[in-house]
Structure formats: structure tokens, C-alpha cells
Amino acid sequence: MTSEESINLLAVVIDTNPIAWATAAQDSRCPLDFGRVLEQLLIFINAHLALRFDNELVVIASHTNQSLFLYPPQLSDTDQPPDASSKPANTYKQFFDVNQAVIKTLKDLITESKSPEDVDDKSMLAGSLSLAQTYINRIRRANDPTPLQSRILILSVSPDLPSQYVATMNCIFAAQRVGTRIDVCRFRGKHYGEESVFLPQACHLTGGLYMEIPEAENLLQYLLYAFLPDPYMRSVLCLPEKDQVDFRAACFCHKTVVDVGYVCSVCLSIFCSVSKQCPTCQTQFGGQ
Amino acid sequence: MSHTLKPPKRKSSAKGIGAIDIDDDEGHDLMGASGQGYSWEEEYKRSWDILQEDEQGSLQGVVASIQQQLKRRRLHRDTATVQRGIIRHLYLVIDLSRAMAELDLKPSRIECTMRLAEEFIGEYFDQNPLSQLGIIITRDGLAEQLTELTGNPTDHTSALQKRSNREPKGEPSLQNALELARTSLAHVPSHGSREILVLYASLTTCDPDNILDTLESLKRECIRVSMVGLSAEVQVCRTICRETKGTYNVVLNEMHYKDILFENIPPPVATAQRTASLIQMGFPTTRTYEEPTLCACHHKLIRKGYVCPRCSSTVCEIPTDCPVCSLTLVSSPLLARSYHHLFPVENYKEIGWAGVLSTMPKHCFSCLVPFHGPPQSMSHRRLSTAGNTGGGTAIGIGSGRFECPKCKEQFCLECDAYVHDVLHNCPGCVNR
Amino acid sequence: MSDSLATVKNSIQEYLETLPKQTFDKLYTQPATCLAALRLLPPVAKQIVMRLLYTQRPVLKADVEAWCFQEHRSDLRDSLKKLAKMNICTETGSEHLQINRIFQENMHNALVGGGTHASFGKPADTQDKYEVDIPFLDRYASEAWEAVLHYLVGTPTEKRPKAVGRLLVASGLQEQDGRSGVTDDERTMITSKGFQFLLLDVNVQVWSLLLQYLELAERQLQMDIVEVLNFLFQVGSLELGQSYSIDPLTDTQKMVLEDLKWFGLFYQRKKKSSRFYPTRMATSLTSGSMIAARKPEEGHGYIIVETNYRIYAYTESPLQIAILSLFVSLQARFQNMVVGLITRDGVRDALAKGITADQIITYLTAHAHPEMRKQSPILPETVVDQIRLWEMERNRLRVSRAYMYNDFPDIQEYKQLSDYAEPFGAILWKNDKKRILVVTEEGHEQVKAFKKRKQAAKGIPGSGGHGRAQASPLPSR
């Protein structure tokens, strides 16, 4: 069967926007602790690696102004490869490597970006998705002709960035083309993680799973339950589905959702009412 | 009617107007129609001369570099941010004459054409979701319309797969086909682009009238005609394509055929005459029904459909025109599919060996594949010549590093191909 | 090829399933074993285990069944059975499923890296003065394994210690040579099972020997099977090229290390060395191409088979030549090549020793030269078919004991009897014209009883249709 013969690749994109996490930690109703979330995520990653010896993994951090590969670590020349004898005997080597790499790189990332100018309340989601896609492409080509089943898991807490709409949609279409599913685990509270528009669309278009987690204490159980099965197993196990995704567009001038809109034939921007000139591309409209 | 070649212009044409001097022993080079020498007068080119052994007698390096060049060639495309006709109406005209039964393209010209046409249709609708396509075939001196202009790819592929539509016979009629396409395209609203793509294998045409009159009417209606020739270059085709600002290419082999055909998939640059306008479009909501209902377009029973916002009738798939109130129904992802034509990714520049510094990163930015160091077998002289030509014509493996001019990040060859073909986002620029 | 790997996986599972419950509890105290056991399960079972891993209370069986779509429920039930056999997840009385607590706790330890069990191998602290690298280990492993096979085939090599000999005898691959008058009890001869063993794939061979070793350990050597299994699973999670300290190993495990060293699974410079290196064979025991259903790496094929039944083998290894000589008539031997011919006599000799045609064909396919692999099918069909035909020649006759009924007085009686015997397949052969019926031994009793009843009903004393016992040779189809 296809499950036994193909390799599974899991790409995890972690949203490391410090402002969003700080807001979440102070939320009155259900505070989120990044440390706890990270712990449970690492256990989940270990569980994925435990299932089969040949399961592949890549972890990417989506920061405010860059995206970074947490695993596999990008070693610069000055870094030494980790000393093998430092591995304690109680840990399986692969788990140990992954955990060390993720924690170390994440620490470096967070300590580097300290000045306030660097830090905005945004997260480079489209950038991380692009990196994930190119990495998946590389692994797919490296393992040809064995088929590769890939999926991307996004842990997100930041708001959507409208300026990244086009880039995000490009990533989604590229994923659709290759058959990569995008799953989203969104943390939702009173003052953080408001309803996202792009992420449910991403899940719906690629056949992935969108879940909103109300509290972080049971995160591991949610992850193991819903996000661990590989794409073949999804046809066997029933998983919750999101009902209807609203694909209606918002007009560019007022950001209101429109049913019937006017589309400029040159730049494809959507407007709610007729005008003589397109505000985006400045083309004059003549004739009907 | 066949058109003869114009006599070549002589350099020393001080003699009387109209008098054609036939004696050609003056030693001047003859010029062809495009200003360069005729190819039959050149030195006999042996295509295998490109392969030269390197110092150790191995061909591996040369083969690898040729493969790299092939990959790169496909990537150099126009990335200027210009207006493009996103909403396209294209007629695909396929010549089903006797010439199509030739076996020089495997397995036969007609089979190869049909297979590529099906792939073309798939890619076309993938890249241009708002566009429409129609198919016309010509044989026995007549032209018939196989499918009308629709946005549904399955209609076209099923029409192409029918046996009766794949039999070549008789003579083609270029003028009839073009006239038929022109009359059908006359109904297209002015904001959409009007195009005809002709796959022509024959060297002759059997027309009822003067084809240049058709050419005039095509120009008047701003229809763009592109052609792909399967046997040889024909003057009348060249004229039509040039006058209507289309492209004309003749295929060399099956791979080249596919490349040329797929060059027509990205939207063409908009010409000045196109009028831009605001098109009214509807964004339907999806609805699931407990009991199956009939869809308005095909009268099929469906459980899940889209509700037109203006007239509330149910259609089964989008994009489509609502059959009741003829409102174009789309969804925002469909519009988003075309955005990458408007904001294309810059071509990456290859860095030659001479430009590789030791401070540069050792891995590709987006997939972490390590860049290889300079091969030992390359002599110093070869290194410098291979690097500085930018990888276009050098024989020798390049450094494998490709840099984005905007964000200055370096990528490997695979990522370059992937970013430009599939992803349409530069990972470096998106992460700023 | 994947069939043999699947059989390996199945055989490990079957072996594990034969163990008693308490053994499992002891086994699961080591996280490495839990990890290895998890990887052996089918995919649905893995998901179930993962979901139940962090639950505290037992779960309703009906809930678990609802996790799957309707059409895959049977897969789910098979998985639950398997989990019960491996004692990971059992059904408690009230329709609840309970995960084995010990397994759960140690699986947590495995995932988190906690506990003090040192079950994933403690790397050696100090630098090795005589450090070895991976190519050395590979060479060492293949040499050791080949030496074992040589010993099996009987080519004169250096002596192997008793442990190897004992294991080979115990697994039925060799037997004591009673004919020779030599009293030295190391004189052994290869059996037909041994021949078949030689033609198997390396991975399958290693695991079959290991399973034999496990049984031997239990029965004869009085070793604690739990510790041996734990050690084997631990070894499967070690890293190639890294030396490990023998401190955390128990005495039993040190003995296992000693024994298996001779098979090329470990490298230890001296007997008293405090560190050991696992070789590639050891680290791919529970992972790698052993258990996965992927293609094994190619490139070491060396046999070319031609349609004129000639074989060219590009090898110098005496072992491979010896294996080939089992069924190929070798004609010429060069420095790097051996030329042979597949003949009827050669193949029949092999068949007489107990090797099957399938094994020959699998062996030839597995070791086919890369040039041969480019054509499909890999071996020429004529040769393959001919080998199978030679095998079928031995099965021209099939003998079965039967009873013949003849001399029926009329057609009705004959028809009655044959219609009665037909449904339960007792008829081996019948001839309607001559009214002869041949019935199997088992069917004979019933047919006789039926006939007696009929006779009693009709009241005709002892009339026609008497049975005769005969062993009738029937031509096999």
C-alpha cells in the first residue's frame, strides 16, 4: 500500500512573533506560555520521528523580520558539530539532535533581536511557507522515485498580514500543485489570535485540517490526535472538518465583503462600486 | 496561393530601379529575408562538435553543463512588470490535413499534437483561470468548430479524445479557420484579449479568397494570431503573425514543440488598443443541500453547489457564467492565481567562479543544499572563461550559485527552477 | 524481495507474540524496546497507540471503533488484536481499552528522554586510541559474515568458536557428520535447510539466525530472554561509527555481545575491551532496509545470465563461487570471473538437495549484474521457465490412497453414489461410461455408510458396487 512505500515529511512552521506571544501570555482568560507550548511541540515532533525510522522533518521559525531553519541546523563555519559523547544514554539520538538544534537556534534567534525597531507585531508566514516548499521540493527530488508525502503544520498566533496576501496565495497554489497538505493549529483567546482569513483558505484548498485550540494545556493531545496521522492515514481515520470557508472577497477600497463586485481587467483588484479610474493601477476605464 | 520569396536586396543597388542584376560573382554575401545569411550557404555545422573531452578524456563535465544550460534556458523569460491581458479568449486551431499523418514526430504528428494539446489545455486553465478556450479544426478545405469558448477544460479534452476528431485528411484551409475564429471572437467584450493559436503542419492552404483581406480584418479587430509550424517556415504564416503582433516558430523535435507551445501559456503583453474596464463579477457562497437539487448549468443532480448572488440560481462549478443572469462567477483564490503574472519574480543571475568569495554562504538559502567547490580538474584558464560569461554559453560547470538581484540571497539551480516555475515567490524577498 | 522482508517482519512479530505476558512487562521497562515495538506495528495500530499514550483512564472500545471510517473498521479490529497480542493495549472486562501502564510510562520516557535506564546506549567517554572508522566496520562485518557462511558450506577456513558451531547445528543448518570416524565433534555437514539458507537475502539470514539464537538462549544457555531482547532492540537504535561503553550492560548482555561478535554484528578490539562498535548489520536490525519495504541498495550484483543458459559471474569470492556451484556447472574460472552453464543435471542435483526453483531464481535476480537490471524482466524468461519445468519434472506423479468402486448393476446406482460423494470432494476420478468411481480414503467411510443405508432401504442383499482399496497413481496436472 502507499503508506508503507512512501516517505513522510513533516514541516513545522512555528510563529515566533514575540509581541503576539507576550500578549497571549498576559491574557486574562487563558494565558499561553510559549515554553509549555514548545515543550509539547517537541514531544509531538519526537512522536512523529518515533513512528518510522525514515520519517523526515524540517522545522522553521517564522519571526518578525526573517524566517530561519531550526532543524536541520544551518551550521556556519565557526560552529562545531555537536559532540557525540555529550548525548546522555537515556535519549534516542535522533530525538536528542532535533531537540538540541531547535532549542539552541531558537535561543540565538530570540536573543539577537532585542532592539524595539526590529520587533513588529507580525510574522513572516509567507516567507516560512516558501522556505518549507523549497525544502520539500529538494527532498522530493533527492528521493525520486520513492514517492514523498509531505505536509506542513503551522502553529500560529499572529494576525494576518494583508501585504502578504499574494505571496501566501502563491505558496498555497504551489502546495496544491504538489499535493502537500497545510494544517493549521491556531491559538485563539480573547485578545489574541483573532479569526484568520488566509489560514482556513489554505487548509481548505490543500485538503488540510484547521483547528483552533482554546487552551494550551492539552495541546499535546490535540496534536497527537489530529495532526499526527500522515496523509494516507487521513483516509482511514475520521478527523474533524471545517464546514464552510468563506471565499468571498473583500473590496480593496473599504475592506468590506462583497457579493457582487467590479474587477479591474488589468490589475484584477476588486471594488464595490464603479469608478472612472482604477485606484490601484491608474488605468482609465473606457467603454463598457 | 503561394507567395514567393522577395528577391534579396543587393548592397550596391545604384543601378536602375526594378532592374535585377543576376550576376552574382561580385563576392557579396547574399542576405536572407531577416538580414542574415542563408543557412545553406554556411559551413556544415556538426552538432556533435560541441562535445569535447576535457583533460582526463571524460565527457561528464560537458554533458553536465549542457544539461544545466537546457534548464536555465527555459527560465529566462520576460519579467518586466507590464500590462498583460489576464482575461483571455483563445482559439486553438489544429490543422488536420494529410501532412499531419507524417511520422517524423513520434509517434505521429497528429498523436503528438493531440497529446500536447491536452497538456496545454490543462496548464492554460491552471495559469489563466479566468480565461476561455475554444477549438477549431480544419481539413478537407473546411473548418469546423469543435468546442465553443468555455472555461471548462474537460469539454475540450473529451472533444480532443474522440476518435473521429483525430483523423487527418485532405487539405487545410487557413483562411476558413481564421474567419471562423474571427467571427466567434467578435462577440467577446473588449476588456478581454482575443487570440488565435494555430498548429500548422501543412505547407499549403486551400482558400476561397484572398487571405490578406482576412489579415486586414484581423488587424482591425485587434486579434493576435500566433502560429506553431510543424514542417517548415511558410511566408504567409510569417506575414500574418508579424502583422498581428503574434509569434511564429517552427519545431525541431518533440521537446522543442512542447517548449514553444507552452510559451503561449503566460498572458501576452497587452497592446495599447485594449480598453480596460471594470468587469462585474459575482462571488458566490457555497451551500450544501440535504436533498439533491438540479444545477442550472448542466441539469445534473448535485448536493453541493454555488449560489449566484444576483439571481440565486445554483451552479455546480466555478468559474463559469451564470446561465440565468450571465454574471461571471469567480472566487477570490481564482483571481489570486493570476496575480503572479502581474508581479513576476526577477530572474536570478548566475555567479561565475570569479565572483565567488569565501564570505559567501555555503548553502542554498532556501533548501540548505551545500554549494560545491570548484572542481580540481578545471585549469585556471578555463575557470576564468567559464565564470565570466555568466553561464550562458560557457562549456564547463558553473558555480551553481544564483543570486536574486533584489535581496541578494543565493540559491541553487533546483530552487531557481522551482521558484520561477511553481512558487512565484522569491524566498529571500518575501522574508523581508 | 519485499516478500522476504515482509516475512522477516512477520517472523519477528510472531516470535514476540509467543512470549508470555510477564515477559512483555519486563521487556517494556526499557524504552528502546518500546520504541522498536512501536515501529513494528501496522500503521493503524501506531496511531491508536499514539492517541492513547497520554490518556489516563481506559477508553470505551466503541469510541475507538468510531475513530475509523466504516470501510476500514476491519483494519482497526485487526490492529486491536495485534495490540492485544503484543500486550500493549488490552481489553478490560467492561468493553474498555486500557494501555499497558509500563509501556505507557516508558514510551513517555523514550519521547522525553527521561529516566535512568541508559537504554539507548551510553557512548564511550574517552577517545579511543585505536579508533576505527565506518569503512573498516563495514569490511569487518562482511568478512565475519562471509567466514560464517564459509564455515557453513564447509570450505576450510580458520576455526570458529564453539558458539557459532552450536548455533548453526541448533538451527538445523548443519548436522553432525556421523559417517566419518573422527571423534572430533566439530565435524559437521551442511543440510538441505542450510542450502536454502545460503540462497536467502542477507537481512533475512541475519534475522533467522538471531531468532534461532533467541530460542537457543532460552532453552539451552539459560539466559534471560528479556535481557537479550532488550539488548537487541537497544543495538538497533545505536549510531554507526560511534563507540559505546559496555558499562551499562548486564552480564547476560555482555555474553550476547561476545557471541554475536563472531557474526560480524559488533567489533571489539580485544575481549576485555571496555568499548564496542556496532556495525551496519547491527544498527539496521530494527530499522533500515531490514524492516522497511523499500528496495535494497543495488550495485553489488555480479551475475549475468544469458538466453543460451550461460552464466558469467564477476566475482572472486570463494563463497559466492561455492554457492553458485550448488546449481550451476562451472566450466571455467578466471581471475575475476567464473563461467558456468545451467544444465538439467546441475539443477536437478540442487533440487535433490532440497533447494527449490524459486530460491534459485530469487538468488539470481537478487545478485543480477546492474546491466541485467536494465532489462525487464531481469532474467531471460526462457531460463526461468526452464528451471521451473525441471522442478516440475520431479512432480510427475502424485500418489494418494483411494478406494475404487466398480461393477455397478445400473446407471442409477452409479449416479446416486457419485452425486452423493461429489459435494464434499471425495471423488478423485470417475468414468461415467465404464461406471467406475475412485474415492479418497476419507470419503470412503461416508460413501460406504451411505451405500449400506441404501441397501438396507431397498432390501437388496449385498449387490454390486463393492469397494476395493488401492493406491492409485494419478497423473498430476
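Per-chain numbering from 1; labels A, B and C assigned in written order.
Everything below uses one rule, namely that a contact is a pair of C-beta atoms (placed from the backbone, for glycine too) under 8 Å apart; a residue touches a chain by one contact, two chains touch by 3 or more.
What you are looking at is a predicted structure, and each value in this text was computed from that prediction instead of being measured.
Student: Which chain maximises the distance between its CA centroid and that of chain A?
Tutor: It is C whose centre lies farthest from that of chain A.
Student: Average the C-alpha coordinates of each chain, average all protein C-alpha coordinates together, and give the chain whose average is closest to the overall one.
Tutor: Centroid comparison flags A as closest.
Student: Taking the mean of the C-alpha atoms as each chain's centre, how many Å separate chain A from chain C?
Tutor: Computed from C-alpha means, the inter-chain centre distance equals 45 Å.
Student: At what distance in angstrom does the C-alpha mean of chain B lie from that of chain A?
Tutor: About 34 Å, centre to centre.
Student: Approximately how many whole Å separate the CA-defined centres of chain B and chain C?
Tutor: Spacing between the chain centres: roughly 57 Å.
Student: Counting only residues that touch at least two other chains, what does the list for chain B look like?
Tutor: Correct list: empty.
Student: In the complex formed with chain C, which residues of chain A make contact?
Tutor: These residues of chain A touch chain C: 3-5, 43, 46-47, 50-54, 84-85, 87-93, 95-96, 99, 146, 220-221, 224-225, 228-229, 232-233, 235-238.
Student: State the interface residues of chain A toward chain B in the complex, per the touch definition above.
Tutor: Residues of chain A touching chain B: 65-67, 69, 72, 74, 77, 124, 126-128, 130-131, 133-135, 137-138, 141, 164-167, 169-174, 177-178, 201, 205, 244, 246-249, 258-268, 270-271, 274-275, 278, 281, 283-288.
Student: Flag every residue of chain C that touches chain A in the complex, lowest number first.
Tutor: Within the complex, chain C touches chain A at residues 31-32, 35, 38-39, 43-44, 46-47, 50-51, 53-55, 66-69, 72, 75, 109-125, 237-239, 242, 248, 286-288, 291-294.
Student: Taking the complex as given, what residues does chain B use to touch chain A?
Tutor: So the residues of chain B touching chain A come out as 83, 86-87, 189-192, 270, 275-283, 285-286, 288, 309-310, 327, 330-333, 335-340, 342-343, 362-363, 366-369, 414-415, 418-419, 422-427, 430-432.
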